[in-house]
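We call the chains A, B, C, D and E, going by the order they appear; numbering starts again at 1 in every chain.
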Amino acid sequence: MASLTLEKINKRFGATRVIEEVSLDIKDGEFVVFVGPSGCGKSTLLRLIAGLESITHGDLMIDGQRVNDLTPPERGIGMVFQSYALYPHMSVYDNIAFGLKLAKSEKQTVDERVRRTAKILQLDGLLDRLPKALSGGQRQRVAIGRAMAREPKILLFDEPLSNLDAALRVQTRNEIAHLHERLGSTMIYVTHDQVEAMTLADRIVVLNDGYVEQTGSPRELYEQPASRFVAGFIGSPKMNFLDVDARAEGDAGCRIQVPGIGERVLPRRLAGDSDDAPLTLGVRPEHLTPTTAAGEAGFRIVNVEYLGSEAYLYLETSNSDTLVCRSEAPSPFARGERVTLDFAPQRAHLFDHDGRALPPADVEQMSTQATIS
Amino acid sequence: ADLTLSCGAVGAELQLCQAGVKRWEAQTGHSVEVVSTPNSATERLSLYQQILNARSSDIDVFQIDVVWPGMLAPHLIDLNEHLPDGATDDFFEAIVDNNTVDGRLVAMPWFTDAGVLYYRSDLLDKYDLEVPTTWEGLTEAAQTVQAGEREAGRSDFWGYVFQGRAYEGLTVNALEWIASYPDGGTIVDDDGDITVNNAQAVEALSLAAGWIDNISPRGVLNYTEEEARGVFQSGNALFMRNWPYAWDLVQSEQSGIRDRVEVAPLPAGGEDGQSAGVLGGWNLAVSRYSDHPDMAADLVAFLTSFDEQKRRAIEGSYNPTLPALYQDDEVLAAVPFFGTLYDTFTSAVPRPAAVTGDNYPRVSNAFFNTVHEVLSGNVSAEQGLEQLDRELSRLKRRRW
Amino acid sequence: MSLRTLKAVLLKIGFWLLVAVLMVYAIFPFYYAVVTSLKPSSELFEVSYWVDSVDLSNYAAVLSQPTFVAAIRNSVIVALSVVAIALLLGLTAAWALGRVRFRGRTTVMMLVLGVSMFPQVAVLSGLFEVIRTLDLYNSPGGLILSYTIFTLPFTVWILTTFMRQLPDELEEAAIVDGASPWVTLTKVFMPLLWPAMATTGLLAFIAAWNEFLFALTFTLTDSQRTVPVAIALISGGSQYELPWGPIMAASVIVTVPLVVLVVIFQRRIVSGLTAGAVKG
Amino acid sequence: MATDEQGIAQARHEASSDDTPPRGRGTRVRRQRVRAAWLFLAPMLIVLTAVAGWPLVRTFWFSLTDASLSSLDGAQFIGFDNYLVFDDGWYGILADPLWWQSVWNTLYFTLVSVSLEAVLGVIVALVLNAHFRGRTLVRAAMLIPWAIPTVVSAKIWAWMLNDQFGIINHLLLTIGLIDAPLSWTADASLSMWAVIMVDVWKATPFVALLVLAALQMLPNDCYEAAKVDGIHPAKVFFRVTLPLITPALLVAVIFRALDALRVFDVIYVLTSNAASTMTMSIYARQQLVEFQDVGYGSAASTLLFMIIALVTVIYLYLGRRQLGGEQ
Amino acid sequence: MASLTLEKINKRFGATRVIEEVSLDIKDGEFVVFVGPSGCGKSTLLRLIAGLESITHGDLMIDGQRVNDLTPPERGIGMVFQSYALYPHMSVYDNIAFGLKLAKSEKQTVDERVRRTAKILQLDGLLDRLPKALSGGQRQRVAIGRAMAREPKILLFDEPLSNLDAALRVQTRNEIAHLHERLGSTMIYVTHDQVEAMTLADRIVVLNDGYVEQTGSPRELYEQPASRFVAGFIGSPKMNFLDVDARAEGDAGCRIQVPGIGERVLPRRLAGDSDDAPLTLGVRPEHLTPTTAAGEAGFRIVNVEYLGSEAYLYLETSNSDTLVCRSEAPSPFARGERVTLDFAPQRAHLFDHDGRALPPADVEQMSTQATIS
């Protein structure tokens, strides 16, 4: 039940700038996910919000009130630490119960809540153990339990699921989603897991080197990345990038020449002066369709990666880059074979040499775009 | 160094000693190392015993207390065998006797000591009082002056300070009270009989117990010589019982009561009593484990010689052990009361160390603890002495 | 806002008040010693809270004694050696006792503790014999050896306690890296134990610096004596006189190096040495 | 005690105390480690045996003889007569009321002063652990009481506690807390408290310093967690800090207690042999040094040792959890 | 360059059995991945192999030699710890160099190797930092670098990538694969990430509660799980399970009645006596094909999860279980719509009430199966 506003927030450690001019509006009850490469400042940003780190410049507001100077509890925040931060001398039970600031008389309530939390996180049998007798995943669950049990109005999660196995991860993820629905609390979540980010987030914030690169719904980021960086960062395996030459083609967009694939007209508007500019084409692996090639045409398959539900083909380009494309599993293609590729122009992206995405060509194209998405 | 000598722990005493040693070195060409030992007598004794028990030749010449010859005799040489005949002729006989154990002269008397009464002559004059000669008189005079001074606004003025801590000093003080009464006598007599539980002693102790909070501060129960001197020298006491050493200090240039102090013999117990100062003092002895016993004996002879003692008397007001020096003009000029108190020094009362031997510390301990209890008001003098009597009997059973 | 600031200010005032009270309690006696040491002996028996006039004669008296300077040197040698030995033996023992589980560990711990259960006077004469047998009488060696009797037990115990708190994963990582116990101890644990080592080192140093009874018994000549003995033997007029001024001056003089030492060592008592080592 | 075998990461598994796989199946890795452990222990054990072994044995032996300081060689074996013997009435230390009083005094002194030191020590450590300007100086200042030689500091206190020209009485009189000077060290009802006050003053830095070191080694992130959870600082202290520094505090308290049980110089300087503050050590010293009775004094020392050992064992038993499965 | 044999290895912590009768043969140069739920004993097994934990029962052999009693360095093992275990007082450089220096390598070699390792892991700029000034992912990379730099003959990784972002993860994963190829060292790898497990492993070992549930190539595990546990554990989102009644149908397999879908004949052999036994049908989300249903037929879509490259439909069954099925992204279906499902019988699995998979029906069916896989 709290909205959060970050206004030009900066953080420096000594001379190192870690967070730069981050502005962000988080609505009451929103679920926001921070993603970004390792070391880009996600944890630091969370810690700034929590009040564990002082803000070098800028304002942080909760419900419209400036809270730069408030202590963490005054901000009404709960947090799951990336390093767990468990109390080493307390049992799992006490770790979870400790933060529950309930009146003494409500001992039973505490007990109930702890047990419920433990059940959700499958910690029932471990309540008497000390952290050092737990496995990595179990510790992580205790850390989550501790923050969850308190049900604060803003919950911060720093990679809470990174040590859990797939099944438990899905389950805990659903539990967090559920919690979010039930409590309606504002949640900020740092993760490296694409699936988590895509499924949990109302909005994803992509950080790069302390800057906000783009914010938007998962779908926006996936389908309309504002930059090459975001395009490459969201989606796994990541988008294929190819250097292409482009020519404006009137309102229809621009015509590009893709080596090994051929000419295509993309519904993207080229900046007026940049005719024939070197551009980068971006196509996601799942939007590339492979067909068995005749003779020496197309690309050679250098590796087939089997993932059970699908397979990825690794293709060698003429300038020995690698292209990745998805195929069903088991794949009908084998290593060493050659394939030709095709893609739907609407699904492709174009980036200028600064890495900025080219905008859609015109209204008509725009609506096409819209129907696709 | 050829010889090692332990004398006095501390500065002035040590310096005097070192000066003497220098002269001997110059005279004989031998070299001597002077080591300093702990200030506290008991600590010094145990250190000596440590070294002597190890049959170590680390120290050749020891400075020993008058109560130690009995204990240390087995480790010391018979000086008679190393010194010319008649070497002890001119010394106080009592001390020489004290130092002779089973016919062996184990130590040479070096300097002696006895308790004396310091008083503020200016205040006695002011209140027109005589120097008291009895404890009762002292009590009265003290009360008068204390009351007067307090009225004058000196709320921390006291009549009498002495050494009341539970330690050897209290044995000395209390023995002086008891011995000053007629037939009050001794703790243990020369035959080893326990004599302390008698009416005179009760009287003496009762009187003393009455001083506390009356003319003496309660804190006196934890005073040693220095605390007493502190109070006295800061002008806050009329009388003080102390050793002659304090003379130099209360008469020093920085002293606030310089030239307003005089010394008298300790008071007597009642009209029939006699003044009694307890015998203190130090002797020089030579270790049996010494590599150069003859040389060491020679050093001892030199340090206890007439010239050396005279020098020490003049420069440090150390009481000589040679009667002749008490008539020496130069000495008297430096320490006037040597003349007037000659009797005190010659007739000083010994503690029962010789007869109780190894058990003396226990006897003394039992005694001063009893006195301390009586002074604190925890028991009456009668009860205390009765208990002491039983306690001493108990001790006596353990072979003395 | 104003309430918050008020609260903060009050907290701050409270804190500084606490600091002030503790400071007064801690250093008033020392301050009083300084005041006393700056007074001429005549004013000794008068109460005064301030130094009215500075009289350095006590200091001059103390420092002019060559034996006192020698004593300081001896104390430094002895105390430093004791610290070095105690830390070396303490660290190795602490590793064994804190990190390896073996039969007899508790027994060893108790034996070590048992050493400090006898009163000093009781071991004095026995130790005297040992030291004479080893021919260490009247030499710093004798003191260094005998001081281990009270510095080692607490060094071992304290370091063991701290050693136990270091994360096990660190040692495991070192083992996998092929480090021997000695390397693990010196290269991995020692840097992390600085707070504990600085503390025990400081405590051991002070204990050795201030020890009196052994120093008195196991040395004889002025050239071998340590500071506390030298202070105790500082000149007064006679057997009964306590030379307060010089004693206080000497105490002040010997306490100053310790304060300097504390200032140096306390830099090592810093937090967060193990930060970033492990998760959990 | 856990004599079971474990791999390299025993400490990690101390939680599982019932870990008792078959005995005697130590792996080589483990044996190697144990060997290294003994090798590492050896220097300390050798040194301690050298300095402590003989004196302790000797003390124990003498306690069974009638040795006296002036005739050590002529000591006769007399069994336990020094402890207790019936010879027309009970004799021996155990029959000496003064001994029992000194035992009581010692225990009382230890309990009161060590408790005060522990509490004060923790407070001081917390202050020293805070970040503020001038911390270095305050840290140094706080250590001063510990740094002054005991003999000297006891004398300073004796000086300050002096009834006539002591500054404490002066101060109390000035601010009107008392109307007549108190004889701190002479008055039996005050002297124990005077002694305790001085001992607390002197030894608090010892505890404080150790606790400070322990504070410095605490995991930082726990505190962040507690901070975020908005847990009251007092609760954090009692539930997080205190448990985590308990091992160090316990060790500090053990050594303080051992020292307090053997307390000698502070009391000796302040009140000498007075019965109201007579402790076991003073009693033993009095017998050994002043009364020259090595046999009796050694017996007193041995009894003192046994009492301390008993107290220590009880203490360790009570504190075994915190000391990491020591028992 | 080392083969590894585990023979009936057991580990107990006090009364808790953590590893039970694990036997395993790992060939020289093989890349084995351990997977299993949190707390199943993966880390413990790695620690047993490393020699950090003593083996309660059983033998561990390296190159045919029993090594139960050897120290970790004698076993020639390197390890990446789940909790990093960095030396907090050493810079990143020294952390990596420590093991090398101890091995008495020459200074220059050490320097070279450290720098190369740092480069690979993108730690170049951080060499002088202390661990506490690193982000979680950076710490993890240092931990990897430390183990890699020594190039030991057996490398153990305990969830080495869990704190890395997708891009770096793919890259580091490839780096590890590359390293494996280059060094030829035997590698054992614990992970929770399906993609890592599937792509890296020569062989996957599925642990459950201290037991080995199944070992096999990624494909074997995915397509022929030996038990319901393995089937559910491998693959994400996990396989759908439905209770069905089955009747033997001669050699062809068995006929099952799937509620809401209809009757199918599965090429699975029913144990003779278990006619009409309660069985569990397992079908993976990607093998369920949804079609828009008419009226009230089929299942109601309760949720559509958008993942960018695909979408998952969550369907409600009559007994309010949830079925998951994959659809393309953006999905043509919306929440609240109804769909009918179909699946290819060859792709489905049947498990008896003990959770064991039923074997293929007969030789003919077997070959069908084989061509699919």
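One rule holds in what follows: a residue touches a chain if its C-beta (ideal position, glycine included) is under 8 Å from a C-beta of that chain, and two chains touch if they have at least 3 such contacts.
Not measured: the values here are computed from a predicted model.
Two chain pairs, C-E and C-D, are weighed by contacting C-beta pairs, with C-D ahead.
Among the other chains, B has the CA centre that is most remote from the centre of chain A. For chain E, the chain whose average C-alpha position is most distant is B. Separating the CA-averaged centres of chain A and chain D is a span of 59 Å. Note on chain placement: the centre of chain D and the centre of chain E lie 57 Å apart, centres being C-alpha means. Centres computed as Cα averages put chain B at a distance of 38 Å from chain D.
Annotation for chain B: residues touching 2 or more other chains are 43, 53, 230-231, 234.
Residue positions of chain A touching 2 or more other chains, listed in rising order: 82-84, 86, 132-134, 136. Among the residues of chain C, those touching two or more other chains are numbered 45-46, 124-125, 129, 168, 172, 175, 232, 242, 272-275, 279-280. Note for the complex: chain E touches chain C at residues 47, 50-52, 71-73, 77-79, 81-89, 98-99, 102-103, 130-134, 136, 139, 146-147, 150. Against chain B, the residues of chain C that register as touching in their complex are 40-42, 44-46, 124-125, 128-129, 132, 137-138, 216-217, 220-222, 232-243. Against chain E, the residues of chain C that register as touching in their complex are 167, 169-170, 172-179, 183, 187-188, 191-192, 272-280. Touching chain E in their complex are the following residues of chain A: 13, 35-39, 43, 82-83, 133-138, 141, 158-159, 162-170, 192-195, 198-199, 218-219, 222-223, 232-238, 284-286, 305-310, 326, 330, 372-373. Residues 15, 18-19, 22-23, 25-27, 29-30, 32-33, 36, 45-47, 49, 85, 88-90, 92-93, 95-103, 105-106, 108-109, 111-127, 129-130, 134, 145-146, 148-149, 152-154, 156-158, 161-162, 164-165, 168, 171-172, 175, 180-181, 185, 195-196, 198-199, 202-203, 206, 209-210, 212, 227-228, 231-232, 242, 244, 247-248, 251, 254-255, 258-259, 262-263, 266-267, 269-275 of chain C are the ones that touch chain D when the two sit in their complex.
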